[in-house]
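This is the structure I have questions about; it appears just below.
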Amino acid sequence: MLQQFGNAFAFIFVAAIIPVLALTVGRFFRPDYPLSTKKIPYECGELPVGSAYVMFNHRFYLVAIIFLVFDVEVALMFPVMSIFSDYLGQSFGLKILIVSLVFLFTLFLGLVYAWLSGDLEWFMERERDSRVRKKTVTRGEA
Amino acid sequence: MSDTIVYLIAGFACLCAFLVALLPNILHAVIALIGCLFTTAALYAVLGADLLAALQVMVYVGGTIVVIIFAVMMTPDLYKNKFIERAGKYFFPTLVCSILGACFWYIYMQSASILPKAELVRFAITKKMGLALVGPYALLFEYVSVVLLFGLLGAIVIARTGERR
Amino acid sequence: MADNIYLYLFVGLVFFICGLLTMVTRKNAIGMLMGVELVLNAAGLNFVAFQSFMNSANKEQLVDGYVFTLFIIILAAIEAAVAFAIVIRYFASRKTIDTHQGIELRG
Amino acid sequence: MTTVQSWLEFMPFAPVVGALFGAVVILLLFVAPVGGILTYVERKLAADFQERIGPNRVGPFGILQFLADAIKMILKEDTAPENADKFIYNLAPILVMMGSLGAFAAVPFASHIMGADLDVGLFYILAMGALVSLGILLGAWSSDNKWSLLGGMRAAAQIISYEIPLGLALLSVITISGSLSLREIVLDQAWVGQGSFWHVFHNPFVMVNFVIYFISALAECNRTPFDLPEAESELVSGFNTEFSGMRFGLYALAEFADIILFACVAAAVFFGGWQLPFFHPEQIFTDINLMGVNFAPLFVTLSTLLVFLGKIAFFIFVVMWIRWTLPRLRMDQLMSMCWKYLIPIAFVNLIGSLLWVWFFRGRSIVELLMGVA
C-alpha cells in the first residue's frame, strides 16, 4: 500500500520536474535580449493604467464559500457511499441510507437558501436594487 | 531509501512551517502553508491513512487555501505591503514559543513512551472509516451537516457586503 | 520504514510552534488565521500518528483517531469560511485588517 | 507498473527506481507526446469542420507539426513583467503540471498498466484537480496584468464550482461499485454472463449523471463552451497572457493533459475501462509461445490498452467536436448552469441512485431486463 503511494508520489515528483527541466534546457537555446519595453505588462499596446491588483467582485468569494461547504460534503460522502453496497437489504444498510439522506437533505437546504437569497445570481444587481428600493420607499410612505 | 524520503518530507514540512511564520509577503506565506498541508498529506499516507491524505489535499488545499487566497486578493493593499520588521520584534515571541515547545516535547516523550515499539501496520481504512462515520459516529456525522449548513448561512450573511442596500 | 512516532510528533510540534509564532507575530488578521490552520493541522497529525502506532502496538484496526482528524479538517474548513468572511467584511468597512489598530466589530 | 517492478527487484533501490521508471514512462512517453499530438489533431479537426486544409507542411499530412511547435516554444524568449512576483510566477506552471500530470498515477490504462493502484484512486484524482485551480489562480495573480487577473478569477471560480457536480456525479457510481480504487471500479464492470455491465447503463440516474460529469469535465478543462478564462476574443489570452514561450507551452500541455485525464476517468468509471462486452483477451491469448517465452500477458495488456485508448480517443473527439459546435457561455450563465441546474440535478440523481441500489439490491437495469426475459 505504501509502495502504491510511493508510485503516486513519483508521478507528482516527475510532473514537478518536467517544467523545471523544460525551462532549464530552454535557457541554453533561447535568445535573451532584455528591453525595458518587454517588461511592461501587456495591455493591448497601451501603457498600463493603474495597478493590476484591483479589488474585484465579492461574488467570487461567495462562490468560494459555497464551494467549500459542498466540497466538504462530497468528500464526506465518499467513504460512506463506498460501504453502502455491502449492506443492501440489511438493517444497517437502511441506517446508512437514512443517515446519508438526512445529510444530503440538510446541505441541500443550504443550497436552497443561497438560491432564494439571490447569492447565486451574477449580474442581477441593478434589477434587485431597484425592487428593494421600491419596497423601502413604499414602506416609508406608509 | 524510503526512510530517507520520509525524513526529507518531514524536514520539508518543518521548513515550510517556519516559512509560514517568517516570510514577509503574505502570499508567499500562503504558498508555504500549501507546502505544509501537502507534506502533512504525504505523512498521513506514510502513516497508512490514505483516505485522510486525499481528503486533506481535496478539502484543505483545494478548498481552504482557495478561500484564503481569495481573502488575500480581496484585501489588495495587504499584498504589496512587505511587512519588514525589526529582527528584535521576533525575539521575545520566539523565546516564549521555544520554551513552550520544550515543555510540549517533554509531555510528548512521557505519553509516547507508553507505546511499545512496533512495526507500523497499514490496512485499508476507507471502508472502516465509512463504517465508523455511520456507525458509532452517526450522530456526529449529522451534527457536521448542521454545522456545515449554519457555517454556510453565517458566512454568506457576513460576506455579503453593503452594496445591496 | 520510518517507524518512529517521535518523527511525526516532532513535525506536529514544529507545526504547532510555528502556528503559534505566526499568530503572535503577524499583524494582520489573515496571517493570524493561517497560524490557526497550522495549529489545527498539528493536532490532526498527532491524532493520526497516535492512532496508527496504537493500532500497530495492540494489533488492532481502529480508525477513531482518523475520524477525529477528519472532523478537524472539516471544522478548519468551516472556520476558515466564516473567519475570512468576517475579515473581508471588516476590510470592506475599515479599509484595514491590521489587528493593532483596534478591531471594533460594532457595525 | 507491477510487472516493471518485478523486473527491477534485483536492483538496489528497486521500489524507488521502479516508481520513477513507471512515472517517466507514462508521463513522458505517453501523456506529453499525446498532449502534443492533440494540438495537431485539434487544428486538423478544426480545419475539417470548417472545410479548410489545416496544418500540412511539417511531415506527412503535417503530423510533425507538434514537434515544430515544441521546438518553437523552446526557442522563444522568456520574458516576464517587471512587477511580477517572480517566485509565484515561476511556481505556478509547476503547480499546474503537478495537478494535471500527477493525477495520471491512478488511471488504469490496461489490465497491467497502472501507475499506482491506490485504495482511494478516484478521490486522489479529484484532489489533484485542486492544484490546477490553485496554480492558475496564483499564476494569474502574480503576473501583474489585469487580463490575467480577470481570467484567473474566472478560471478559479469556474473550476471550483464545477468540481461539485463532478464529485456528485462520481459519487453515484461509488454507491454501485462500492470501492474508490479505479482498478476495482473497472473490474466491477466486467461482462460476465448476466452479470454487471458498464456503469453508465446501470440505471437511468447514472446515465444522466454521466452527462453531468461530461459537462463538468469540459468546464474543469476550460474547454469551449466553458473557455471564459482564456476567452481570446475578450481577455487577450486569459490567465496565461503574460506567460511566454515554454511557460505558455506548459499551460497548454496541462490543458490537454486535463482533457486526456477526464477522458480516461470517463472511460474507466462509466464505460468499463479496458473491457468490452464479449471480449475476453485472457481467453483469446492463452498460450503464445515464442522461443520458450510466453507472450500471452503482453498481448492481453496490449489489446486492453488498445480498447482503452479507443474509448479515450472517442471522448477526446467529442470534446473537440463540441468546441466547434457550441458558442461560449456568459459568466452568469456559467454560474447558474452549475449551481442552479447541474448541482440540484446531480443531488436528485444521487438520491435516486441510492434508492435504486437499495430497492433493486444493486442490480442494474440490464440484469433486471435479462432476469425478466
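Read from first to last, the chains carry the letters A, B, C and D; within each, the first residue is number 1.
To be clear about the criterion, a contact is a pair of C-beta atoms (placed from the backbone, for glycine too) under 8 Å apart; a residue touches a chain by one contact, two chains touch by 3 or more.
Being a predicted model, the structure only gives us computed values, none of them experimental.
Colleague: A-C versus A-B: which has more C-beta pairs touching?
Modeller: Higher C-beta contact count between the two pairs: A-B.
Colleague: If we define chain centres by averaging CA atoms, which chain lands farthest from chain B? Would you check?
Modeller: Most distant chain from chain B: D.
Colleague: How many angstrom lie between the CA centroids of chain C and chain D, rounded to a whole number?
Modeller: Here the centre of chain D sits 33 Å away from the centre of chain C.
Colleague: Whole-Å distance, chain A centre to chain C centre, using C-alpha means?
Modeller: Taking the mean C-alpha position of each chain, the two centres sit 21 Å apart.
Colleague: Measuring centre to centre with CA averages, how many angstrom lie between chain B and chain C?
Modeller: Chain centres of chain B and chain C, defined by C-alpha means, are spaced 5 Å apart.
Colleague: Using the touch definition from the top, which residues of chain B touch two or more other chains?
Modeller: 2, 5, 46, 48, 50-51, 53, 55, 58-59, 62-64, 66-67, 70-71, 73-74, 124-126, 129, 133, 144, 148, 151-152, 155-156, 159, 161
Colleague: Note the residues in chain A that touch 2 or more other chains, in rising order.
Modeller: 1-2, 5-6, 9, 53-54, 56, 58, 60-61, 64-69, 71-72, 75-76, 78, 81-83, 86, 100, 114
Colleague: Which residues does chain C have that touch at least 2 chains other than itself?
Modeller: 1, 70, 74, 77-78, 80-81, 84-85, 88, 92
Colleague: Can you identify all of the chain pairs that touch?
Modeller: Chains touch in the following pairs: A-B, A-C, A-D, B-C, B-D.
Colleague: Across the complex, what residues on chain C touch chain B?
Modeller: 1-3, 5-11, 13-22, 24-25, 27-28, 30-31, 33-35, 37-38, 41, 44-45, 48-57, 59, 61, 63-64, 66-67, 69-71, 73-78, 80-82, 84-89, 91-93, 95, 97
Colleague: Using the touch definition up top, name the residues of chain A that touch chain B in the complex.
Modeller: For this pair, the touching residues of chain A are 1-2, 5-6, 9, 51, 53-56, 58, 60-62, 64-69, 71-73, 75-76, 78-83, 86, 92, 95-96, 99-100, 102-103, 106-107, 109-110, 113-114, 117, 119, 125, 128-129, 132.
Colleague: In the complex of these two chains, what residues of chain B are touching chain A?
Modeller: 2, 5, 42, 45-46, 48, 50-51, 53, 55, 58-59, 62-64, 66-67, 70-71, 73-74, 76, 79-80, 122, 124, 126-127, 129-131, 133-135, 138, 141-142, 144-146, 148-149, 151-153, 155-156, 159-161, 163-165
Colleague: Which residues of chain A touch chain D in the complex?
Modeller: Going by the criterion above, the answer is residues 1, 3-16, 18-20, 22-23, 25-27, 29-34, 38-44, 48, 52-54, 56, 60, 63-64, 66-67, 70-71, 74-75, 77-78, 81-86, 88-89, 93-94, 97, 100-101, 104, 108, 111, 114-115, 120-124.
Colleague: Provide the residue numbers of chain C that touch chain A in the complex, in ascending order.
Modeller: 1, 70, 74, 77-78, 80-81, 84-85, 88, 92
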